[in-house]
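In what comes next, chain A is part of two complexes: it sits with chain B in the first one and with chain C in the second one.
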Partner chain A sequence: MRSVARLVANRVLLPCLGALLVLSLWEATLLAYHLPAIVLPSPWAVAATLVELVGTLAFWRDVGVSLYEFTLGYVIGVVLGVAVGTLMGESRGFRMSAAPVVESLRFIVPFAWIPLTILWFGTSYTGKIVLVAYAVFFVMVVSTARAVAQVEPTLSRVGTMLGMDRWRLAWNVHLRAAAPGIASAARAAAAIGWIAVVAAEYIGASAGLGLMITNAATSLATAVVIAGMIVIGLVGAGVSALIRWGSRTWLDYR
Partner chain B sequence: MSDAMSGELAIDRVYHHYIAAGRRTDVLDDVSFRIPAGHVACVVGPSGCGKSTLLGLAAGLLRPSRGTVSWDGDRVRMGPNHDLGMAFQQPGLFPWMTVRQNVAIGLRTRGHARRDARRIADEFLETVGLAEFADAYPSHLSGGMAQRVGIARALALKPRLLLLDEPFAAVDAFTRLKLQQEFKALLKLNRPTVLFVTHDVPEAIALGDVIVVMTQRPASVQRIIPVAREDRDRASPAYARKLAETLACLGVTSDMDE
Partner chain C sequence: MSATPGTPAIAPPHRLPPRVAGWMLGGAGALIALCVWALLSQVLAGGGGVINRLPGPLIVAREFAHYVTGDLVRDLASSLRVFLIGWLGGVALATVAGLLLGRVGVLGNIFLPIVEAMRPVSSIAWVPLSIVWFGFGLTSKIFLVGLAVFLVVIVYAVDGSRRVPDDLARTATMLGMNGWQRFRSLILPGTLAEVLIGSRVSLMAGWGTVIVAELVAADSGLGAHLISVEQSYDVPAVMAAMVAFGLTGFAMNAAFSWVERRLMPWRHERGAHER
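The block that comes next holds the complex of A and B.
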């Protein structure tokens, strides 16, 4: 019984405490400064708006568009990033020639590319997909190359001793040994990719959560803006949890 | 390949150096010896004298700076050698595989069918007394057990050339003696040619047909000491003499009071 009580406390009460704290701070600010709803609506108004939004088809379409752009860009970025990162970890020649390009490009944050992607791809989905893939790619290249290079050298010798050639060794030993590190990088990359999608939609899009929010802001529907922000946070957390669950299921060994 | 060289490991006038941080370190300096088919050579020497380098050269993990290492009469090439089995100082088990998969994977890469590999792996786990741990993951094993899996993995390949890099160094003294006995019995199964690196002289006497004593780095062969059957009886004067002789080569006198 006591352990059940503790579980409830740890899993339910404590997380609620944090949320409660934020909500009361929010309410307190409203009370202290008498802010109009256009500047800061009450948590209840936002909750009501959220419920209303969830009932509309347009909302789900925006969520769907953002998720579609994110997912496609993310998968492309992860696959290419892991492939290039592995090559960099495995081949000295490739590493020497790729490193300067990677090192200089990875500090050009994805947002710096937004004006160019709008110029090249307009407000279409493609621009966002490219941007997410770009953001994710560099995170994955750098962390994959590092994770592959840090694999215990004895494991490589064992692989060779067991008769594996270079590429089998790369695939069956190095990538597998590096997988937990790569997976945690993939989670960090998901956060960056999701941020990139929304940011790109803020600036130029024909659909998506970012556009929904900027449209609401121009019509002073502040409750919708905040509701949209909450949805962005929830979707991001959901994506991150999904990746963590996936990496636990597929990669964990006791 | 001539018949005389079949199953023979020959180290011929080998020099080796590596370069780290711009400095050249000479490791091996004109090393030559031969291990005839089915014989066990134990290499002993001061630590850091290049014993592991020697194994790396024989395994095709390193290329000698000069000289040749040949197996079966052919120069050893870099990369996988399907005659080879090797056990390392660290067991080097793949942590994401079960104990059985760790033993079976080498058989799979060498073309055995899945069921076949599994059967042979179980057989060798049985021999090293770890059958009940076949489905466990390496993180659940003690150091001695993991080391045994490493040895089972090398032996399951039924290698014609077996290379061992202090495989018993990381286990306690009692377990080591037991592993040595088991190992000796296992060698009788298919009589590979063995190059065994150790820093433990009693171990070298217990397991070797010859003891190759190396000098300090840059190392060359100081002496090759043959070991006869009666030398292995730990209660015999012959054993004591062999021990003293080998230790004297390594610069250790038998009088502790000196």
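The block that comes next holds the complex of A and C.
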């Protein structure tokens, strides 16, 4: 009984105390420095703005655009990345010849591509889709190649003994054995891809959450900025949870 | 090249040693990629398609050389200053906070949920707010980089401060260490070792944040240069600036690996085996 009480205290009461502390610190700063709402709105103003935003159609359009760009780019990036990564893991020659190109492109972080995608594709959705696909692709290539190369050698021998050829082995044995590693890379890639969409929308976009919060920042609607940040965080966490749930239900054969 | 008489040669004599073969394959791959790029730029040069502004590798190389002899040093110094101050500040704060939250149970229970709630909001989502708060200058960028690095490193710091190996803890008890000695020789080194890994992971997070912050609040640095050439539709210069970003990221990673090998040689014992 006592341990239950302690668990409740540690897991519920103390975190609530922490949240309360942050909120009161926030309010105290407002009171102490008499900050105007354009610098720091009160937590209640942010909450009210969030509720108000959720009721508007424009907000859902921005969320929808960002999610559309993310989803399409993510799927393209994951499929291509896993395919190329598997090839790199399976064939030594391909790995060695592709490594310098992959390694040197990997160091050009996706954000550095934003101006170029704007020059190439304008403020359309295509530019963001390409950017997300690029960001996700390199995460997936590197970790898929590693996961495939680290598959238990016994499994390959069993497959060979059962008369599988090289590509059957890759598809039926290696990819499946590497799947948990690939799934956790897919989750990391989703976080990077999601934030790449937001960053790209800061710089050139016609709609989306990133544009929404930069527009709000330039018009000094700080409550909207903070509400938008919360939404960006929630969507990112939601996508991550969805992928974790998916990989748990589809890949749980360990 | 010849095996001792009587024992069969392991590899056929005409085979190249694996390292040379690797270099040749890698060189061939890079060459093919460059050729494809050059060819594509030729094909797309006259077209009116979506991608009608792709300069060839030679033009980009020339533009890069031009940039290196020109403003690169000034831009790079400005970007690196933001990065270094933010990165060092973020790592230092995360180490102290990680030790406190990891070792003091009550503080951990109160504040770790807040850190966890903040982590999904990438520091890049903070860019507009940071500009409202701190303006376009150095402060807002340092804040953003520091935040990005802090949110990565604190996880490693908390983890390292809590994961003291049992046998070492028992040894410390056996040696009659008091609280301070335990902290100095057991908890602190373990935490710092994890922080070192975290700071490596945070390198690219911090560098990416510098890029985005400079693209949005474009007053100085590589990102500001990138935006200014983008706005004058100078595609070769844009690509040259991207090369500069890539090379800087690569150099930072290499420098950090070198420092890491110096500080913690046991981490690289696998590399030593391969020699």
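As a working rule, the second predicted complex is superposed on the first by the 226 of 254 C-alpha atoms of A that agree within 3 Å, B and C clash if a C-alpha of one lies under 4 Å from a C-alpha of the other, contacts with A are read in each partner's own complex, and residues count from 1 in each chain.
In this section, a residue touches a chain if its C-beta (ideal position, glycine included) is under 8 Å from a C-beta of that chain, and two chains touch if they have at least 3 such contacts.
Since the model is a prediction, treat every value here as computed from it, not as a measurement.
Student: Identify whether chain B and chain C fit side by side or clash on chain A in the overlaid structures.
Tutor: Fit - chain B and chain C, as placed by superposing on chain A, sit side by side.
Student: Quick test of understanding: once the structures are aligned on A, what is the angle at the Cα centre of chain A formed with chain B and chain C, as a multiple of 10 degrees?
Tutor: 80
Student: Give one of first, second, both or neither to describe whether A:161 is in contact with chain B, with chain C, with both, or with none.
Tutor: Once the two structures are laid over each other on A, A:161 reaches chain B alone.
Student: Could you look at A:173 and tell me whether it touches chain B, chain C, both or neither (first, second, both, neither)?
Tutor: A:173: touches chain B, not chain C.
Student: Contacts for A:96 in the overlay, against chain B (first) and chain C (second): which applies, first, second, both or neither?
Tutor: A:96 sits against chain C, while chain B stays out of touch.
Student: Touch check for A:195: first (chain B), second (chain C), both, or neither?
Tutor: The answer is second: A:195 touches chain C but not chain B.
Student: Check whether chain B or chain C contacts more residues of chain A in the superposed model.
Tutor: C
Student: Touch check for A:55: first (chain B), second (chain C), both, or neither?
Tutor: neither
Student: For the combined overlay, can you note the least CA distance between chain B and chain C, rounded to whole Å?
Tutor: It is 5 Å, taken between the nearest C-alpha atoms.
Student: Based on the A-chain superposition described above, do chain B and chain C contact any of the same residues on chain A, and if so which?
Tutor: none
Student: For a test of understanding, state which residues of chain C touch chain A in their complex under the given definition.
Tutor: Against chain A, the touching part of chain C is residues 21-22, 25-30, 32-33, 50-51, 53, 105-106, 109-111, 113-114, 117-118, 120-122, 124-129, 131-133, 204, 207-208, 211-212, 215-216, 226-227, 229-230, 233, 235, 238-239, 241-243, 245-247, 249-250, 253.
Student: Write out the stretch or stretches of chain A touching chain C in their complex.
Tutor: Those in contact with chain C are residues 10-11, 14-15, 17-19, 21-22, 38-40, 93, 96-101, 104-105, 107-116, 118-121, 126, 191, 195, 198-199, 202-203, 213-214, 216-217, 220, 222, 225-226, 228-230, 232-234, 236-237, 240.
Student: Using the touch definition up top, name the residues of chain A that touch chain B in the complex.
Tutor: The touching residues are 152, 154-155, 157-158, 160-166, 168, 173, 176-177, 179, 251, 253-254.
Student: Please name which positions on chain B make contact with chain A in the complex.
Tutor: 56, 59-61, 79-80, 82, 84-86, 88-90, 92, 94-97, 105-106, 109-110, 137, 139-140, 153-154, 157
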